[in-house]
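Just so it is clear, A, B, C and D label the chains in written order, and each chain counts residues from 1 on its own.
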Amino acid sequence: MLRYGLIGANGKMGREIESYFSSFGDVCVFKKDVGLIEEHDTPQVIIDFSSPDAVAETVAICEKFNSALVIGTTALDESHFEMLQNLSESVPVVQSYNFSTGIAILKKMLKEYSHYFDNWDGAMVEIHHNQKKDAPSGTAKMLKSAMNRGLPISSIRVGGVFGEHTVIFSNAGETIEITHRALSRRAFTIGVRNAALFALGKQNGYYTYDDVLESLNEIL
Amino acid sequence: MLRYGLIGANGKMGREIESYFSSFGDVCVFKKDVGLIEEHDTPQVIIDFSSPDAVAETVAICEKFNSALVIGTTALDESHFEMLQNLSESVPVVQSYNFSTGIAILKKMLKEYSHYFDNWDGAMVEIHHNQKKDAPSGTAKMLKSAMNRGLPISSIRVGGVFGEHTVIFSNAGETIEITHRALSRRAFTIGVRNAALFALGKQNGYYTYDDVLESLNEIL
Amino acid sequence: MLRYGLIGANGKMGREIESYFSSFGDVCVFKKDVGLIEEHDTPQVIIDFSSPDAVAETVAICEKFNSALVIGTTALDESHFEMLQNLSESVPVVQSYNFSTGIAILKKMLKEYSHYFDNWDGAMVEIHHNQKKDAPSGTAKMLKSAMNRGLPISSIRVGGVFGEHTVIFSNAGETIEITHRALSRRAFTIGVRNAALFALGKQNGYYTYDDVLESLNEIL
Amino acid sequence: MLRYGLIGANGKMGREIESYFSSFGDVCVFKKDVGLIEEHDTPQVIIDFSSPDAVAETVAICEKFNSALVIGTTALDESHFEMLQNLSESVPVVQSYNFSTGIAILKKMLKEYSHYFDNWDGAMVEIHHNQKKDAPSGTAKMLKSAMNRGLPISSIRVGGVFGEHTVIFSNAGETIEITHRALSRRAFTIGVRNAALFALGKQNGYYTYDDVLESLNEIL
């Protein structure tokens, strides 16, 4: 049972996190959003999925409560990373752009296995809903850079597909396809809770979800 | 049991056709290729998977034997179609660029069903081996033109994939994917034999594989 | 803009329907659930995704308001169907166990096209989350019975997969796979609204979602 | 350029091996099959894809020529393994039931990564042509035993599918699917040549295709 705080509590991720965490009996003891502050108790960990503008204040809140931080805010710049690094000297900080366990596994797989496919052709296909603006997806680019090779990426934007990434390797006689499919925001809220549990076991330090992945069997 | 003739007998399709037909006890009674002519008996049907240059002579051979023609030669021009049309007044002619039954079914499906997807997004992905020069594939373009709609096509060229076409439709809540996969040249030789059997039941006329498809349950 | 009533307003489908309909400006003017009745205005159509026990009262409500009915309640018996048939003499009734447009399209496709696959082998794979109790799924059985053939069905129960049905046809040289994937309850709420719009264009009569499908291009 | 010998030279694998090897300029200097012996030169490596009955004589041939052995014969018993072990003291022996590089990679992946999926559900689907007698496939069983977990396996037998294995992992929010598809016997002949090249770099010893996999980047 966690006592946690939520920055961006009214956003889509904020509400999903609260809904998922409450299924474990966790209690949200601190909430912040535009025009909203609620403080009921001291949070063990602060969770922030809001905007870069909020980082400075989030850091101050963690310092005040001496609480860990799990932050998934995107589009951070150098100054934000510096603030988070400083904070990580006193409390544990888990920062990632993607809290999906499956994507973390896939990235690791591609990094460790792509050399076996040196003599195979490769390609990537990523499919997302028609509201997604960027192509290729940030995740596709991250997966590609985990491999020590070039690779064409086809981006497809259709309907309501939440997020699908497929890596294809093929030689003259066989094909291996690895597909990750995020079914819903649940893909990320599970990872956020994993990160929070991971952080509670640390004194301080700067971590990413890759570190959380390696500790999953101890946490769960 | 068919008695058939083979133009382009030493090409890849020629040899596959002979191998497949012989498994039914069919006999190749006439063979032609560069530097090769064999005539053992009167063929009921001539099969030509060679080159546009051969069309005139193939037509003359059909006239001489009064035999049906199944022709899968690609890159025909107006003059070739005229010769074939003329021939079809006296014997049955089945002409198609693709003798895959599955592709014929898929084309018909897309033609008849695409209006149900008017409010869905669509996309096509086609995957072929790395030796294929054109993109999108001729089949992808044919499938697209069977639908009454635009559709982006992603072409992937990897390894030894024989030929794979996937059409994806998606709306906000669901997805339908239809994939055709040709496993080997066998996809085409089956269709060639279907076309030959179909032709034997006709007096004359110009047909495509779409006509063969509609008669399959009578032939087989 | 619809004025509609909702039976089972607090259930998962009820809340999803209200959320989806409101994005079109539709107004829920009548609500009923255990311990709840709200009546603000006369609904044009009543939507019921609750339980068989509620059917008799739902029918009475439709009669009182002279409103159409869209009903997706499962496990109805003969007596329920009789009540709905009687009601359909005075108002339009759309009854279906599955309001997914994609599943309705797939069912029609399989019904109309399975004879083309008479000489192909067939199989079905359906994948659902690990909470699903029945196997094969009701949808898999419905799809199978739409085809004029036998077909083995493999049922896989893993994680949080919302609902996936794949029909595979294969002959010696090629394969066609058709996959329907429901991404979320949205697959059904879209269909429910289609059915409501369809019903508003009718005087009376008993309809299923198959009828709605055939009118989609007129409605939307 | 290899000088190799072929036991079972007239079988399907034998002819495929000869066809594939010849595309590299390799020369088959020794051939054996029922009623056939050809000896043109001393082979560097003997390749045997025939039957268990042939093992004793194959071992004698390797000893006579002091040549390496690559053996893919299935259904070996203890006595055969003992003969091969003895031979491996003087020459390199590569023995495997499956020479597909992709399957070797997949097996290693599953072995090393399955613990990351401890909290996910798992399932396997394998699809093969309708002539395949055993189910699940030997490869499916091998892949399953590489993982430290139970896993239901669905076996589908349709048409001419050469061989397809899919492992699915799913939790409440995401899914990872890994599919290996053998496109043709080429999947194996590539591996056989890899194994032959690997063996030429060794003095002696008993190896499997897993060892070949780890040396691929040095060989190729």
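Definition applied: a residue touches a chain if its C-beta (ideal position, glycine included) is under 8 Å from a C-beta of that chain, and two chains touch if they have at least 3 such contacts.
Quantities reported herein were computed from a predicted structural model and do not represent experimental measurements.
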Partner chains that chain B and chain C have in common: A, D
Higher-contact pair (C-beta pairs counted), C-D versus A-D: A-D
Centroid-based (C-alpha) most distant chain relative to chain D: C
Mean-CA-position distance for chain D and chain C (Å): 49
Rounded Å distance between chain B and chain D, as computed from the means of their C-alpha atoms: 36
Distance from chain D to chain A - Cα centre to Cα centre, in angstrom: 40
Sequence positions of chain C contacting 2 or more other chains: 159-161, 169, 171-175, 183-184, 186
In the complex, chain A residues that touch chain D: 100-102, 105-106, 109, 112-113, 115-119, 169, 171-190, 213, 216-217, 220
Residues on chain A engaged by chain B in the complex (per definition of touch): 120-123, 125, 127, 129-130, 152, 154, 156-161, 168-175
In the complex, chain C residues that touch chain A: 159-162, 183-184, 186
